[in-house]
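In C-alpha cells below, several structures.
Look for chain A in each of the two complexes below; its partner is chain B in the first and chain C in the second.
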Partner chain A sequence: MRPASFEYHRATSLDHALELLHQFGDEGRPIAGGQSLVPMMNFRLARPGHLVDINRLPLNVIEIDGPVLRIGALTRHIAYFDNPLIAKYFPAFLDAVHYIGHPTIRRNGSIGGSISHADPTAELPAVAVLYDADIVVRSLETTRKINAAEFFLSAYVTALEPGEMVVAIEFPLPPEAYTGSFVELSERSGDFGMASIGITLEFADGAITKAAMVCSGADLFPIRAPEIEEYLVGKPLASPGSAEAGAIFAASIDPADDHIASAEYRRGLIAELTRRAIDIACTRALERS
Partner chain B sequence: MIEITLEVNGVKKTLSVEPRRLLADVLRHEFGMSGVHIGCAHGACGCCTVHLDGTPRLSCLTFAVQCDNSSISTVESLGGTTADHPLQKAFRSEHGLQCGYCTPGFLMTLVPFVDEMVIQKRIPEDEEIREAMSGNICRCTGYHGIVSAVRKAVTDGLKSGAA
Partner chain C sequence: MNAERPKFIGARVQRFEDIRLLSGTARYIADIDLPNMLHLTFVRAETAHANIVDIDSSGLADLGFPTWVFTGKDTAGLSMKAHQDYPEMQYSEQPLLAEGKVRFVGEPVAVVLAEDAYKAEDAAEHLLVDYDLLPVVGNMEQARDPSIPPLFDGWSSNVIVQRGMKGGDIEAAKAAAAHVFKRTYKTQRQAGVPMEGRGVVAYYNPADRVLTVWSSTQMPHLVRTYISEELGLPESRIRVVAPDVGGGFGVKGQVFGDEILIGWLAMKTGRPVRWIEDRREHLIASIHARDHQHTLEAYVSADGRLLGLKADITVDNGAYSTYPFTSAGEPGMVGKVLPGPYDFRAYEATFRAVATNKCPIGTYRGVARPSAVFSQERLMDDIAKELGLDPFEFRLKNIIRQFPYKNVLGFTYDEGSYAQALEKMQVLLADDVAEAEASRTSSTKRIGVGIACFIEQTAHGTPDFTRRRVPIETGYIAARVDMAPDGEVTIDLGLQNHGQGLETTMAQVAADALGIRPENVYVRHGDTMTTPYSVGTWGSRGGPLGGGAVHVAATKIADKLRAIAAHLLQTKPDQIELVDGRAVQRDNPGSYVEIKKLARIAQRNVEQLPEGMGTGLEAHASVDGAPDGCYSNAVHAAVVEIDVPTGKIKLRRFVVVEDCGTILNPLVVDGQVRGGVVQGIGSAMLEHFIYDAECQPLTTSFADYLMPLAPEIPNIEVHHIETPTPLTPLGAKGLGEGGAIGPAAAIANAVSNALGVAVTSTPLNMNSVWKLSQHLRETA
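Right, the complex of A and B next:
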C-alpha cells in the first residue's frame, strides 16, 4: 500500500522543528529514519497531516555529561557497535542492539524514533527502562525529562504531548563493578521479538549486590521485575539461582496470546530467557572479578 | 508538489513530486529504473534496497522529497544489462538466484559488504554473510547459493587485488 497525503517540511534547526511541531499539534510528526513510521504510513495505520524531517539536525552525539551518558535522538543504531562508551558502561545495551532489525534498518533507524514509536517488542525502549534512563523531551516552550518507567504508557502510546519531540536519552553512568546482558527470541533474525529479558548486576566479593531486570513480551510495554531484582541480591555469582528466578518471574506475569505465540509458550519462554540472561550476566561478572 | 533534484546513477534530474511518493516508486516511474523491485512496501523483504549517498537504504521506507540533492545508485549502476559486476557473475555461477525478483535488493545490500571484506583482506564466516543479508528475503534459493556467491566474490576480489 501507499501512504495518505501529507505536507512535508524540512527542519533547518531544532527551534525550527519545534516551531513546526507546535504549529501542527496533533497533525505533526517528526520523521527521522522512518523505519517504523513509514511502514505505519504505508499501511495507513498512521496518517499524519504534516511530517517534519529532522534528519539534518545535529542530534547524533553520544557523550558523557557529568553523571550521565547522553545519546542524541538522531543517533543511528549502527553507531553503538563500535562505541567504546556503550561497550564499557552498558553491556546489556550493546547486546540488545544486535537484535534490532537488520543491517539496513540499523544504519537508518534512530534511538529517538524507536523510543517515540514505543513498539512493545522494540529493544531500545526495554533498554531505557532497564537502565532507568530519562527521556529528554522538548517543545517550543518547555524542556522536560521523563523517566523511562513513566514514558511508555501502552503499546505505541507514550507520555509525549502534541508539539513535543524527543531530543535525547540520558543513561545514568553505572559504578565500576557492573555488568549485564540482554537476550531475545524471535521467529527469524531481525523479526519482532516474541520476548526479551535484560539484566544489569552490581557485585562485590563474588556475590550480587544490586540487580535490575526488564522484560518485553509480558505486557504492552517493557516492565521491570522488582521481585527478581530483590531475589538476586546476595546470591553468589557462581550459582545465582537463575532457573528459580525465571520460574518465579514467569508465575507473576500474564502474557497475551497472539498470532506468533500462545500465552503459555510465551510464559515458558520468558522463564527460560530470564535464566539465560542472569547466567550470562553472572558469567561476565565472574570474568571481570 | 515539491520540486526536488535527484542524481540517479550519475544522471541529474529535477522534478516535482507529491510528498507521499516513495523513493522506490519515483525511481521506477520517473527514472525508469525497473530494477528497483517492490516486494512488501513495509521494510521486511529488502527487494527495494538502493544506495542513498553511498549507503544501503530501503527505498520503500523513504520519501523521494527527503532525498533532495542526494545521489542514488540502483542495481542498474552495477553491471548494466550484461550484469558483469563480479558479484553478479558470482550469483550466476553459484546459483544465487532463480526467479530473480529479490536479486537487485541482495546485490545492493551485499556489494558494500563484499567491498568492505576485500578492503579488510579477509573471507567472512558464513554466519557473518548471513547476518549481512538478514534483511533480504529469497523464496527460491534457500540462501546457500547466495552465501557461496558472496564468498566467491570476496575470494575473487582478494585474488585480483593481490595480482
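Right, the complex of A and C next:
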C-alpha cells in the first residue's frame, strides 16, 4: 500500500500546469486534494509517473457568468454547504453534497478531481449529468466544453485526453419556477452510495412542465431517465405518480448483481429512491407556488 | 484491598495512560526506527490453492539498489505448529514461508528486504512466482465432501477435528418433550480490525548475544517462548517488547509466523529488520473470525421448560491452525458454552472445524461466543414466539436462579444475577415494547425490541487449559511490586496493556493495599526483560487475575510496612492501618509513621528495622483462575427502527445490564462494554469478509469491509449489578469481551420482532433486511 515511484511538480500557473501535462502525456496526472487519486496510487491501481500539483492555481471560484454558474475545478466540497448561489439555484446539488464522504474528504476533495475520477457512485458526476452541465477542459492548445452526458464513458473512464485537465464545470442557470431534490442511500453515512436519484422540476399552475432525472447505481456511470422525465410532464405536483415512476424506471434498468448487493435489491432501492426524490421535489415546488 | 474502606477500587479514576495516548507521545511499533535498518515486504500468495512451480528473483538484480530475498527454501523446516493433543485432530503446520504449496490468498511466499520501505515494495513487484493452480476447497459443504481431496498430505478428509460433549440423557429429554424445535443459524466470516495493524521489528546484538523483537502483540512472553523453541535460542537471550499497542481485540493474541521469521532474518542479515503491516495485509492475512453454522434442536415441555438441547456445530477454519488456541478452539468453545444461563439437564453437542482455502480463524473479541449466543438466543425467541410466550417470560421460566450451579456439562457457575438482570431490562424496555407493538400495523416503518441474555466464562486458569489440552498450557498471571526508598511504587505486570486501562486499574489496586495514591504507582508492562512470565492479555482475565496478583503482591509489602511501623510505634502489626500515606495506629490515630519513612528504613536506614527482618520492599505474586473460571452475566437489548422500503435499520437504543462482580473502575468498565458493543454492532450489521467461489477475497479495503462508524452508533446505556465472586482475590470477574458477545443476538431478535420473521443469519445489512421484509412490501 505504498505508491510506485513518481515525480512531483508544483504548477505555478494554469499555463504551467498545462505545459507540464502536455509534456508528460499519458504519464502525467494533475493532483488537487488527492482523495481519489492517492488511494488508487497506494493500491498501485494508478501509477502516474508525474504528479502536477495544481493546488495553488486560482481555480476555486463559484461565480455567475451570463447564463451559467461556473465552479472552478479546485472548489472544495465544503464550499457548497453555505454558498447562497447553490442554495438558490441548485437545490438538488445542495442535497447531494450532504452525502459526500466525511469532513476530511469534504475539506480536501475538489470538484475537478471528483469529475475526473468518475467513480460511478460519486455525487458530483451525477449532479453534473442531472443539470446538463458542461465540463470545461483545457490542454496546452485547446479549450473544449464537453456536455456531462458525453463526458462519463464508463466506471472511472472519461472523455479526457492525455494532456487535458478539467478547469471548471458550468451549470446552466434555471428559470424562476424551478426546484429539485437528491436522495441517496448507503450502508453507513458517508459511504459510496448504493444508489442515488436526482430530480429537477419546472412547474406552472400546480403541474410539472419539465423534468430531469439522474440515477447512480444502475449503471457504470450516472444515467438520465428520459422516459420518466417525459412521464412526469403534466403530472400535478400534489400527486405526481411517483411510485409508478419508480416502478417504471426500475423495470428499465439492469443494475449490477455482486457481493455488495443483489440486482433485485438495487432495483427495489432505486424504485423507492425515485419515488422519494420526486415526492420531495414536488413538495418543495408546492411550497414555492 | 483495604477491606474496611477501599478508597480507589471502584472509584472513577481517569486513565493515566490517556495523557500519553491522547497527546501523541505514545510510541507504537512503527515509531521504532533503528540505524542501518532493513525494511521488509511480504510477497503473498495471489491464488488460494496452488503448487509453487518457480520463484524468479532475477528481475531484482537490475533495480539499481540492494535487495535481499528469502523464500521457503531458505526457511525450510521453520513453521508454526498449533496442535491440540486430541486423537481426533489431524496435524498440520504452517511454514514461515510457503514450501511448495500455498493454501490461501495472502499466505507469505517470500520476503524482499531493502533499505527503504518504498524500495522494498517496488522490488517485491519484480519477484515472479509461477503457480500451478489446484482446485479450491471453498466452503463448509465442500470441506465435508469426501470426494474433494484434503488440503494436506496424509489427511483423510478436510475435517480437521470433530469432537463431542454431552451431559444427561438426551434421548429421554426428546421422548419427554411436547415440542421439538430444530433450527440452523449462521454467523458470517469477519476480520478483526484494531486501529493499529500488526508489525514486527527485530535486532540481534552479537555483543551480548541477545535477540530483541518488538512486536505489536498481546502476548510478549509467549512470543519469546515460541521463538526460543523454533530458533533454538535460550529464552534468557531473547527479549520481546510490545510497545504501545493500538488495540488488539484478540487478533494480536496469537503468535504469528512473521514474529519468528523476522527474528530469524535479523540474525541472518546481521541488521535490524522492520515490517509494518498494511491494512490490506491485515484484512486478508492476519486472522479471521466467526464463520459458524449451528444446527440446534431444543426439547421443550408442554409448560415451556427447556428439557434438552442437541447441537451440531461447524466452523470454517480456513487453511491453518493458529497458535496457541488452535483450530479446535473455536468449535470447542461453542460446544462448551451453549448451555448458557438456562437450567436444563440434557445436552449433546457435536462440533468440528473444517479446512478451506481461506485465511485461518483466530481469536477475536468474544471468541465463538458471539456466534454461540446468536444461535442460542435466536432459538429462545423462535421458541417463545411459537409457544406464544413473551421473550422475557420464557427466559425467566428457564433461567438459573440457584448458585453455585453445576451445569449439564459439570461446569460450576459462581454467584450471578441472571434473573435480576432480565427483570431490570424488562423494566427499562417497557415503553419500547409498547411502541414496537403499535408499529405492527405499518408496512413501511417497523420498530422491534430484542434481547440477548448470556453468561461469559472469564478468568480461565490453568485447569481449564489443561482440560482443553491447548498449547497455551497455563493461565496464571504474575506481578512484581516494588516500593522504592522514596515510597514510590513500581508494578511490573505480566499483562500487556493495549486499551484496557491497566496502567490505571492496577495502580488503584496497589494504592488501596498500600495506603497510598494511584498517582504514586508506575505500571510497567509488555517487556519480557522487566516483567514476570505470564501468558498475556486476552480472554477477559486481566482485571480478576492480574488485579488479583497485584493485590496479593502489594499486600505482602503492606504486611512488611505494618511490621516495621508496629516496631517503631511499639504496637502490634494488626493494630496498624495503612491509609493516606501513613501507617496509623488504629486506636490512637495521632500515632503514625509516614509510609515514605518506612520505605526509607526498609532500604536505606536498615539499622532501624526490627531484629532479623530482611531488607527491601519487593514482592512477587501470581494468581491463577478457578477450575471453571468465574462467570460474568449480562442482558443486552436493541431497539431497532426498520425502513421497510429500503431495508435500512436505525438503532434507536442499545441497553446493557451487566454484572462483572467487583468493579475496579466504573469508567473503564463502561468503556470496555461500549467498545465491545460497537464491535458487536459491526458483527451484527456490517462487517463481512467475503470470498468468491475461487477463494479470492473481495473485501480488501475499508471501502468494502465496513466497520461501524460513529454516526450509526446510538448512545449505549450501561447499567451495573455487582455480585462479587469468591473465586478471585478482589471479587472481580472478567468483562473485556462481554460487550461484543450480545449485540448480534439482540439486534437479530429486534429485527425478528419488528418484521415478524425468523432471522437465521448475520450480517443484517440493508440488502438482507430488505429481503427479510419482502412479505410486508407484498401486502402493502
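In the analysis below, the second predicted complex is superposed on the first by the 289 of 289 C-alpha atoms of A that agree within 3 Å, B and C clash if a C-alpha of one lies under 4 Å from a C-alpha of the other, contacts with A are read in each partner's own complex, and residues count from 1 in each chain.
Note that contacts are C-beta pairs under 8 Å (C-beta built on N, C-alpha and C of every residue); 3 or more make two chains touch, one makes a residue touch a chain.
Every value quoted in this text rests on a predicted model; they were computed, and no experiment measured them.
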item: Touched partner set for A:101, first chain B, second chain C, both or neither; value: first
item: Partner chain in contact with A:8 - chain B first, chain C second, else both or neither; value: first
item: Contacts of A:260 with chain B and chain C, given as first, second, both or neither; value: second
item: Contacts of A:236 with chain B and chain C, given as first, second, both or neither; value: neither
item: Partner chain in contact with A:268 - chain B first, chain C second, else both or neither; value: second
item: First (chain B), second (chain C), both or neither touched by A:49; value: neither
item: First, second, both or neither for A:190, with chain B first and chain C second; value: both
item: Common interface residues of chain A - those touching chain B in one complex and chain C in the other; value: 1-2, 4-5, 39, 43, 189-190
item: Parts of chain C lying in touch with chain A, wherever the complex brings them together; value: 117-118, 121-122, 125, 278-280, 645-648, 686, 690, 692, 698-699, 701, 703-704, 706, 708-709, 711-712, 765-767, 770-771, 777
item: Chain B partner contacts - residues on chain A that touch it in the complex; value: 1-8, 10, 31, 34-35, 38-39, 42-43, 51, 53, 55, 101-105, 107-108, 189-190
item: Chain C partner contacts - residues on chain A that touch it in the complex; value: 1-2, 4-5, 39, 43-44, 185, 187-192, 194, 259-262, 265, 268-269, 272-273
item: In the complex with chain A, residue positions of chain B that touch it; value: 2, 18-20, 22, 25, 41-43, 46, 49, 55-58, 60-63, 65-66, 68, 109, 130-132, 134-135
